[in-house]
Amino acid sequence: KWGDYLKEENSIIPNDEDILWINVTGLYETNKIKKLCEKFEIDQLTIEDIYHTNQRNKIEIHDNYSFIVLKLINKKEEIYTYEQFSVIYKDNLIITFNETENKNHETIKNQIEENKKKIKEKKSDYLMYAILDKIIDDYFIINNELTEKLEKIDESVNMDPDQQDLIKIKSTKQEVIYFKKNIMTLKETLMFNKDDFFKRLNKENKEYYRDLFDHVYQLYESADILNETLTNLTEIYFSAISYKMNEIMKVLTIISTIFIPLSFLAGLYGMNFKNMPELDWNFGYPLLIIIMLLIVLIMLLIFKKKKWF
Amino acid sequence: KWGDYLKEENSIIPNDEDILWINVTGLYETNKIKKLCEKFEIDQLTIEDIYHTNQRNKIEIHDNYSFIVLKLINKKEEIYTYEQFSVIYKDNLIITFNETENKNHETIKNQIEENKKKIKEKKSDYLMYAILDKIIDDYFIINNELTEKLEKIDESVNMDPDQQDLIKIKSTKQEVIYFKKNIMTLKETLMFNKDDFFKRLNKENKEYYRDLFDHVYQLYESADILNETLTNLTEIYFSAISYKMNEIMKVLTIISTIFIPLSFLAGLYGMNFKNMPELDWNFGYPLLIIIMLLIVLIMLLIFKKKKWF
Amino acid sequence: KWGDYLKEENSIIPNDEDILWINVTGLYETNKIKKLCEKFEIDQLTIEDIYHTNQRNKIEIHDNYSFIVLKLINKKEEIYTYEQFSVIYKDNLIITFNETENKNHETIKNQIEENKKKIKEKKSDYLMYAILDKIIDDYFIINNELTEKLEKIDESVNMDPDQQDLIKIKSTKQEVIYFKKNIMTLKETLMFNKDDFFKRLNKENKEYYRDLFDHVYQLYESADILNETLTNLTEIYFSAISYKMNEIMKVLTIISTIFIPLSFLAGLYGMNFKNMPELDWNFGYPLLIIIMLLIVLIMLLIFKKKKWF
Amino acid sequence: KWGDYLKEENSIIPNDEDILWINVTGLYETNKIKKLCEKFEIDQLTIEDIYHTNQRNKIEIHDNYSFIVLKLINKKEEIYTYEQFSVIYKDNLIITFNETENKNHETIKNQIEENKKKIKEKKSDYLMYAILDKIIDDYFIINNELTEKLEKIDESVNMDPDQQDLIKIKSTKQEVIYFKKNIMTLKETLMFNKDDFFKRLNKENKEYYRDLFDHVYQLYESADILNETLTNLTEIYFSAISYKMNEIMKVLTIISTIFIPLSFLAGLYGMNFKNMPELDWNFGYPLLIIIMLLIVLIMLLIFKKKKWF
Amino acid sequence: KWGDYLKEENSIIPNDEDILWINVTGLYETNKIKKLCEKFEIDQLTIEDIYHTNQRNKIEIHDNYSFIVLKLINKKEEIYTYEQFSVIYKDNLIITFNETENKNHETIKNQIEENKKKIKEKKSDYLMYAILDKIIDDYFIINNELTEKLEKIDESVNMDPDQQDLIKIKSTKQEVIYFKKNIMTLKETLMFNKDDFFKRLNKENKEYYRDLFDHVYQLYESADILNETLTNLTEIYFSAISYKMNEIMKVLTIISTIFIPLSFLAGLYGMNFKNMPELDWNFGYPLLIIIMLLIVLIMLLIFKKKKWF
């Protein structure tokens, strides 16, 4: 059984045999949330945590319920936004709170419909596992998207590094910082509260949560590799720009070094001194051309030796 | 009940039923502070810590009182200054010490006036919670201000990085270093003394402090993100300067590489050799112009191929 | 005894006296893997871990079996690919799962054939040790290959740093990131589960596993040295490029600084003013040549003093 | 009572009621140190530690005495030198060992003279506290000096970064490395031996030592801020140099880009071709001047648009 | 008593009263090593560790003996090579294994000859201490050599940074990486096995080992300072190269900025237009020279203001 409490206004009464899942979408109607929570004897501070949407990821073990706060990641026009998602788990009751409509729930509802009997057997903590697992799966998808983004930037930097790449690197880095931080706090809160949290679970479902925690650890390591790859990429961008500048300097230097002395020679014989015997020689001009060609040749040989091209 | 002890000179006698809050503003009159503290049997070293305003954040659990030292952050003309704030918590007595007038107290006083009954019920440790919570809230405000500062610098660097940005990055970094360090020591002292400190609290208020501690952890992570964002920004600044230099070099190299050879050719036919048959040709001049145009064309094609523009 | 279960389809029945090694190659036929595992009462989540090939390295201690997931490293055309390898260890039964054909097994089979008696004595955990030891040996080989790669790049950078080196540094760094991360998770899981895992082993074989764990620690330190060497190399590449640019700039500056003033002088006497007495002097031209030579000499002395060449 | 044992040769016999402070200056006369220490049953290895002056900071708790090794920081002509200082604390006996004359002792002696009675009451561990506190105070002074140094370099870098700044940054960094390392080992040894050390202290003096330890933690954090400030400063220096190079390149490029094309045009009409109709036009020269001015104008507009000045 | 077992082939029989020291030089004759070790009931894996010379530093506590693996550092033609050294300590028996002749042993033998009685009193673990202490002393010597190397490079970089310095920095960094890693693993294994190892020692010798461990910690900190100094040096090298490039650019820009406009003016009056009235003026030429001198003056003033020289 589930209900979109705030919208449908149907006051569902918990029932000892069934598993009750109440899903609240939209956290602006704080009064209704309060009323709902108070009905199930949820602590005042927990209620505040639910509608103050800047909580860190955490697991709180209260005397009569467990409280989990996570971040959902939504993607809107290539930008990731973080949205608070909280779960209250109390015996056979699960209450979930979303800021906006959560696509995952639809999938889970369908799964429940199909396997009603199996879910019932597995108790409410299996349902919570299913919800949390979907969220973690989303994280893996985003991790892969970020990895692909990096691969695209990498290719672009290798071919021709430009300012667009730099801006992309920067924005991706910012995304990775938030993503990694989010997973890190998640991992830490899991590690810290693991034992207390596991005590509340039904024995047959512990294995599922162990698997879930394992996925979070794996995520953390993937995010770490993402971060190191990005650092590697930034260094490569720097080096590539540096290398390109080097190439530009080489071209400038080769052209300047060849033509500046030649221009000087041409300028020399463009002077208007009365007494310049070379100017009157018949072979003065062809001789100078030959000398200039020799200079060019020697220069080119020197550059070749210096491996400038 | 509260009193600005040092100023109003009214010697308030603690009273078993009420909660007594004494607020001392200005730490220069050490004798009065001493007298006040000795009256409540505060340790000599604690008293010294109160008026030596370079203490680190700390929680000290003494036999008959708890002692907390924090930093308040004030903002004067865009500069953050740190000011020492200490609290002594002893049964139903709270003594707070500020270097200068503290705006937060006014707000708290008003809150107390409005909810006199509720505060009385909740005991003195709830009052202390209210005071500390205000301070932590201020930290969040500063964290947001610093984040906004970084966003402004970021925009400016993207458009056109200049030395002003560098100076702003530097000063913001220094601010972030102090801010983060301050929160770090706060977090560490909380973690270290948490258990001993909680034992002193009334059971019904423990939840508030847990929430407060949670906020400090969250602050620490925000400050960490701030720091990483700043590092990211510094790298971007470097790259942007580097990229701009690259662009300047390209312009120089394109202009030089095109005109230096042309100038050489012009110089060549400016020479005064007697025997230069080209000079006498009727189509010598137009031919040279055509050759020069061809050189320009070829150069431009090469630059195009090298993706220089 | 061993069998390639999925391929040969022979349903081997475990037998209390012998050690049974079932090796499954290819993880696509999930149904057969399921059937095999269920026969030996392997947990559902473990089975999923076996054919979902993106698990992190881990040791899981279940009530009636131990489960180890590792990565095998294969090398195809100079690229390292990671392949999941899992082992189930249950009394006298060892089941191994490979994504593709595993060369190591052949060697191990031969060793077993030769020392049948010795293996039998040493129980199944010795066989597992032999399998794992081969995998760790492969890691050492890859560590050495990566070290040699770095030495080659190092030589190339010292002689003449070019963009090829940069691309090689980048790709090697990416390989080292994955390699190190892999070993790190391996080391961590070993450290974490060491005690529980050792309890299951036969006393006479514990020493072998201690040796194996020691090798993993050693690997981790080697990978760390690899990483630091690479960082060192990247810095050297940057400096070498920087130094080379410096050299190029010096050449440009020397040529420009010498010839630009000379060209100016030549241009000066190429002017067509009516009243330029120097032009009419008999020794005007040779005098200018001498002055120019003096300028060159002085310039060269200045450069010498500045240690530009 | 105190005595400069090695110099004055007076063999002071400890006396149960008084506190005896023996101060040894100069560690070259190892025999006398040995004799003195053996008299008080000091361990052979401790004695060696006293006159081998390259010990790390440490606290050793022996059966019948405590042994502390610290570094004193002396400043000679702007250079900080580290000198070993060791204390043996045994019941009512304090022996201190200095490499050279220690200015702090004089101040402490005067304090003792003035408060003879108070010190006597407070036992020998208060005296040791007074000695150690003076040393830690010196550390704070050096910390402030280093901070001021950095502020001076910072100002200089902002105005005009030159090589002098770089050399100053380098030497200050080296000083900070040693300073921070020294405080770090001090902090670590305090943390590690805190509990054992406190057991030996008289209850009424524990608070003083807690305060002392607090100062060391505070020092460590100050040294850390110092280090981060220095890193910030180094980055700023790099950026400032980079920015300045950028400015230089801009000037070069603006001048070159404007005049190289103009020079080419001038060179073009300096050619001696017979058939150059433009040369014979009456308005050829003024027309060219106008064209040149137009080129300059367009160039300047382009640079303006590129925000080059 | 000691013997060079492998070479002299004398089969020494341990004797309960004396301390027996067997030193094996050269690890190629694995059979003899095996035979020797088996005689003293050394574990098979320990024996393999002895002649596989790529072990990490470790202390192993076995039931009837302790096993220590260290690296000796040899210096051959300015290159440090690491050589495996292992010790087996079993009651009154010490067996040491070296890859090559170990100079330290000679010194220790002489010390033993001189103080036979003292050694005998102090048991076999004092002898082992003497051997290990010599090795750690060698480490300090190498640490000092590396520090001196860095000081030499530092001086050279300050005077005139060139590519030789870069190559020296790189190779020294590689040496420091290995050196520090070696000491780090040594420190870690000591920390980890300290308690178990100390249990085996005779009470009167524990103090010596505590001193030895202290030296290793000190070494680790020295190696860390070495590393940070090197990082500092690398940064200085980069900055120095950067600064030098800046200086070169300045020279180029000053020369170009002064002469390019002058050359343009000269080129302008070198044009052959019929109608150029300036050319016919009597004071045209001196006027131009004056204008040119004014331009140079103004340029120099601008550069002065920009602090370019």
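Each chain gets a letter, A, B, C, D and E, in the order it is written, and its residues are counted from 1.
Going forward, contacts are C-beta pairs under 8 Å (C-beta built on N, C-alpha and C of every residue); 3 or more make two chains touch, one makes a residue touch a chain.
Owing to the predicted nature of the structure, the values given are computational and were not obtained by experimental measurement.
Considering the contact criterion stated above, the chains in touch with subunit A and with subunit E alike are C. In whole angstrom, the spacing between the mean C-alpha positions of subunit B and subunit E is 39. Averaged C-alpha coordinates put the centre of subunit B at 24 Å from the centre of subunit D. With touch defined as above, residues shared between interfaces to two or more other chains in subunit C number as follows: 238, 242, 245, 249, 252, 256, 260, 263, 267, 270-272, 276.
In ring order, beginning at subunit A and turning toward subunit C, the chains are A, C, E, D, B.
For subunit D in complex with subunit E, the residues that touch the partner chain are 43, 45, 49, 54-56, 58, 160, 163, 166-167, 170, 173-174, 177-178, 181, 185, 234, 237-238, 241-242, 244-245, 248-249, 251-252, 255-256, 259-260, 262-263, 266-267, 269-272, 276, 278-285, 288.
Taken in their complex, subunit B has these residues touching subunit A: 158, 207-208, 210-211, 214, 217-218, 221, 224-225, 228-229, 232, 235-236, 238-240, 242-243, 245-246, 249-250, 252-253, 256-257, 260-261, 263-264, 267-268, 270-276, 307-308.
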